[in-house]
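Look at the two complexes coming up: subunit A is in both, with subunit B in one and subunit C in the other.
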Partner chain A sequence: MSTNTVPETFSIPVGPLHVALEEPMYFKIDVKGETVSHVDINAGHAHRGIEYLTTKRTMYQNVVLTERICSLCSNSHPQTFAMAAEKIAGIEVPERGIYLRVVADEMKRITSHLFNVALLVHLVGYETYFMHMMQVREIGQDMVESIFGNRQDIGAMCIGGVRYDLDDKTIAYIKGAIDKIEVETKDIIKTFKSNGSILRRTKGVGVLSHADAITCGVVGPVARASGIEYDVRRAAPYAAYDRLPLVVHSATDGDVWSRAMVRLEEILTSINLLRACLRDLPGGPTNINDRPDIPPGQAVTRSEAPRGEVIYYLRTNDTPQPERVKWRVPTFMNWDGLRFMLQDAKVADIAMIVNSIDPCLSCTER
Partner chain B sequence: MNFLTIFARNLKQGPQTEAFPFGPAFTPERLRGRIEFKAETCEGCRICERVCPANAIRFAKTPDGMTFDCWHNTCVFCGNCEFYCPTDAIHQTNDWNLAHANADKFEMVEHGLIANQTCVECGATALNTAPMVKNAKPPLSSEEYSEVRARCPKCRAKYLKNRKVPA
Partner chain C sequence: MSRLPQDLEARLTAAAPAGVEYSAETDSHGVTVAWLGLAAAADLKPVAALLHEMGARLSMITCAQPSVPEEEDEDEDEEDGEEKAAAEPKETPKTFGGTPFDGTSYEIDYHFDIEGDALTVIAYVPQGGDIPSLTPIFRNADWHEREMMELYSVKVTDHPDPRRLFLDASVDGAVLERLIPFSTLVNAASTKGLWERLLAGKKGAA
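Let's turn to the complex of A and B:
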């Protein structure tokens, strides 16, 4: 054996910063040549103590605090939290309120999915199209800012309903904006189906088989791209989803391309849901216009965030502060799937595969 | 839309970035920005102080009355105070321009004073808050309103109780 032989396997660190998003997640990857042979996922780099903070704030302050857990699912967190509080206190949200909850939810879903797919195009290396997609997303961001007053922390939810209302002017504005996004999204889907650069980099890459998906218990678009037709909006309808034309999209390949396609198709469904909501929007109050004390009790609620199922557990006592708030976020389930997706992948595809689960570390490591 | 169409459109539209600070920035009407406080309409219920998640709002008793302070550098612009305020005494303007020199950081405060007054009935010193008469039936006339307002809380309750309500 000569002295200048190179070892067959290397161990390379990926992260803890700048894997796909600027969030802390560390992968210790053993490579054999250019191929990944083993992945070690190391999480827990950031701890913000938000679960503890919730027990130091009142229920009504916590609606705002939970919104700030994550900026891309900043509607799903307070909504699920408010749903838990409403379940304990037996509050019934007015009809108009539940429709407006869907409106807020779907608007955030559109911008979140567009962001993730745009990042995928960026990681593919197609910068021009990334810029174009972010510009399409900007139509949605301007819409969110014009309706709610903030681009990310929309402040739409409150315990007992929603805080905002729509009038004829804003409804017409939303309709105009979603028409624009719809045309552009259909075009993006066409590009995703035909563009050689995107297809070559994403087809058959980072495959999560149906069986592995069940083993990992993945949720959201990651599960749906592997053929698991599971969507909380259909499995356990909340807000007004039981009377809206919800279509659950799924694919069978389970690769990066399928996950992007599921997201793009969900944008079109979200647009249809928005249209149906704006058409059927009932009159009346948007919230209960009261600040009732939440009695002692506990509740578990769940909703479909853009990344998948988010579950909230809330326990209250005699004080205005909750005794315990605990949430399980979609990324916690989905990053287990990375072990299977990254197996035998090329080193150059790691960032793209990580991005394809739409990781949200700020939700997961709070 | 093929690439050439996008290219032609972008060429015609020019850069998508905003010209700020050389031009106006996109500011929607509903933008949740700087807090504005109107002491005249404040009931002094202090609900804004309780629902503020950042503890940016503080009320304090002073010899002149009750002061309201909202620290803009602590405020998270969530709008809970405006939402729960029963009299719209707090309003979130769409002014987002809060950049300031570090030396001015303690001046980034929205300040208000609910002054003391002498009750016209009993002569006690009490706060000149807006009366909580939203649910009074029938609604108060403007003379009645100012009469209620000039009284202390105890005399206000007495006034409203003894108010002649037409059958």
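Let's turn to the complex of A and C:
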């Protein structure tokens, strides 16, 4: 015990603004010197009561509302919600619609992952490479904007299928764009494996052990980087995923670097999935072209958003409005897991570790 | 086809002496979605312990207040087993376990994942009742239960950290059980009220 009056530990606030990205996360962190000794999480800055709102909207309006829960996984929400409605009503999505759902999903995954890994590089302090990666992501964002007319809320999903279609010209355009992203992503992976700055700041940092990952119930790339080979697209296939060349990437170290590598490798897989979809794209209608009443019932559906498993519970009654809609996004689980990742971390690594779960608060708090 | 253990229903039934209602359905992708209604909420913990032993992952907890079921003769309707069984005319309908279905009881759904298949365990709690915390078995029940406690006035016993999760402590609880007008929510009594306040402020300033 030291005899001077300086306390051994003191608390620092991290957040609520701009921990890693412009989302309100607030941590009360007790530090001992430069080392984190205890983490308290204060949530709720982006709580908007959307769960309540969904019960005031009709089923069809909710497709629009759920898309606005989040920006980066704005396609996963309406898709999973629509899947639940389709399950209750026994709606079969046409074959072409099933493939187009995968196309929209994988495009969003590519841009989401590139954004997260680019931010990691920014936090490392390697600004030139950050800008380069954002430019690579811009190829993807251009692609999304050209196909859907929007960069974030793409409005692609509807109950019974999708609301967009591709023709030969757009297919050729997508193929060209993903070819470019593929070359660049392979290059980024090489950099991640060899660049000293990136390796020193990310290897062995923010480790989540396999056992802790199971206890916390983490999902998505965070779980896969800790050796849990779980991907909803393979474990509980939906849309066309059981017919596509899906590879599930995982790692064993559970550190920031592994999570970034899982994401980068998933971009390459997404590109292959897109190619397979565009090659096998069946003809026919893209949706059922009808808005049937959704009968009373309940359903649980899941999908793999860029950040991991999204689960929707939908309960309908005789009214056009749902009785209860509840969903849980990957960050809800992974955020709590940060307690384990931040334990004994260095203060300078906090932002990097927080970013490594790819946090999405607006959809966690709803 | 299903990845759920063959004897799952038997084992779950054995773990819940008060009785269960089990149904399962497998879709064209080979994914099974199963539902397990519990007659007594007290059976929740043994069932959860069994699921934990089988390697299940707790994926989500949903709390809801199911509305009073309509009194009508529904034909075969697998989604609404509980409500249908309980829809006896002329008295408060009950779940098969005896919880009244009067619009104030809670239905708490525990959504589990077993290697890709989904199992939802349903417990019913009457208004004013409580439910044991699952945190000793599934640590990640923590946030779900905290959220449930702030959205409804359901009590979770033995929760290690029963603070608010998303709502501020100054907000009255059970927000999903009350009608909160949008204008109250956004802190302006009405558009007219806001306008009047603005005018009054202007007059005061002049």
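FYI, the second predicted complex is superposed on the first by the 361 of 366 C-alpha atoms of A that agree within 3 Å, B and C clash if a C-alpha of one lies under 4 Å from a C-alpha of the other, contacts with A are read in each partner's own complex, and residues count from 1 in each chain.
Here is the rule we use: a residue touches a chain if its C-beta (ideal position, glycine included) is under 8 Å from a C-beta of that chain, and two chains touch if they have at least 3 such contacts.
This structure is a prediction, so every number in the text was calculated from the model and none was measured.
Trainee: Looking at the superposed three-chain arrangement on subunit A, would you call subunit B and subunit C a clash or a fit?
Mentor: fit
Trainee: Once chain A of both complexes is superposed, is A:132 in touch with subunit B (first), subunit C (second), both, or neither?
Mentor: first
Trainee: Output check: A:64 vs subunit B and subunit C. Expected answer is one of first, second, both, neither. What do you get?
Mentor: So A:64 only meets subunit B here.
Trainee: Once chain A of both complexes is superposed, is A:333 in touch with subunit B (first), subunit C (second), both, or neither?
Mentor: In the superposition, A:333 touches subunit C alone.
Trainee: A:142 contacts which: subunit B (first), subunit C (second), both, neither?
Mentor: first
Trainee: Now for A:152: first (subunit B), second (subunit C), both, or neither, which partner does it touch?
Mentor: Neither partner.
Trainee: In the superposed arrangement, does A:187 touch subunit B (first), subunit C (second), both or neither?
Mentor: first
Trainee: Quick one: is A:291 in contact with subunit B, with subunit C, with both, or with neither? Answer first, second, both or neither.
Mentor: First partner only, subunit B.
Trainee: Using the touch criterion from the header, give the chain among subunit B and subunit C with more contacted residues in subunit A.
Mentor: After superposing on chain A, more of subunit A is contacted by C.
Trainee: Which angle, to the nearest 10 degrees, do you get at the Cα centre of subunit A between the Cα centres of subunit B and subunit C?
Mentor: 90
Trainee: Which holds for A:242: it touches subunit B only (first), subunit C only (second), both, or neither?
Mentor: It touches subunit C, and subunit B stays clear.
Trainee: Which value, in Å, gives the least CA distance between subunit B and subunit C in the superposed three-chain arrangement?
Mentor: 15
Trainee: Once the two structures are fitted together, what part of subunit A is touched by subunit B and by subunit C alike?
Mentor: none
Trainee: Touching residues of subunit A toward subunit C in the complex: what are they?
Mentor: The touching residues are 43-44, 47, 49, 51-52, 87-88, 214-217, 232, 234-238, 242, 296-300, 302, 309, 311, 313, 315, 317-318, 323-324, 326-328, 332-333, 336, 365.
Trainee: Touching subunit B in the complex: which residues of subunit A?
Mentor: 57-58, 60-65, 67-68, 132, 135, 138, 142, 145-150, 153, 155, 158, 163, 183-184, 187, 291
Trainee: Under the touch definition given earlier, write down the residues of subunit B that touch subunit A in their complex.
Mentor: Listed in rising order, the residues of subunit B that touch subunit A are 1, 6, 16, 26, 28-32, 47, 50-53, 76-80, 83-84, 92, 94.
Trainee: Could you list, by residue number, the parts of subunit C that touch subunit A in their complex?
Mentor: Subunit C reaches subunit A through residues 27, 29-31, 33, 57-60, 62, 64, 66-67, 70, 77, 79-80, 109, 111, 113, 115-118, 120, 138-140, 142-144, 151, 164-168, 175-176, 180, 185.
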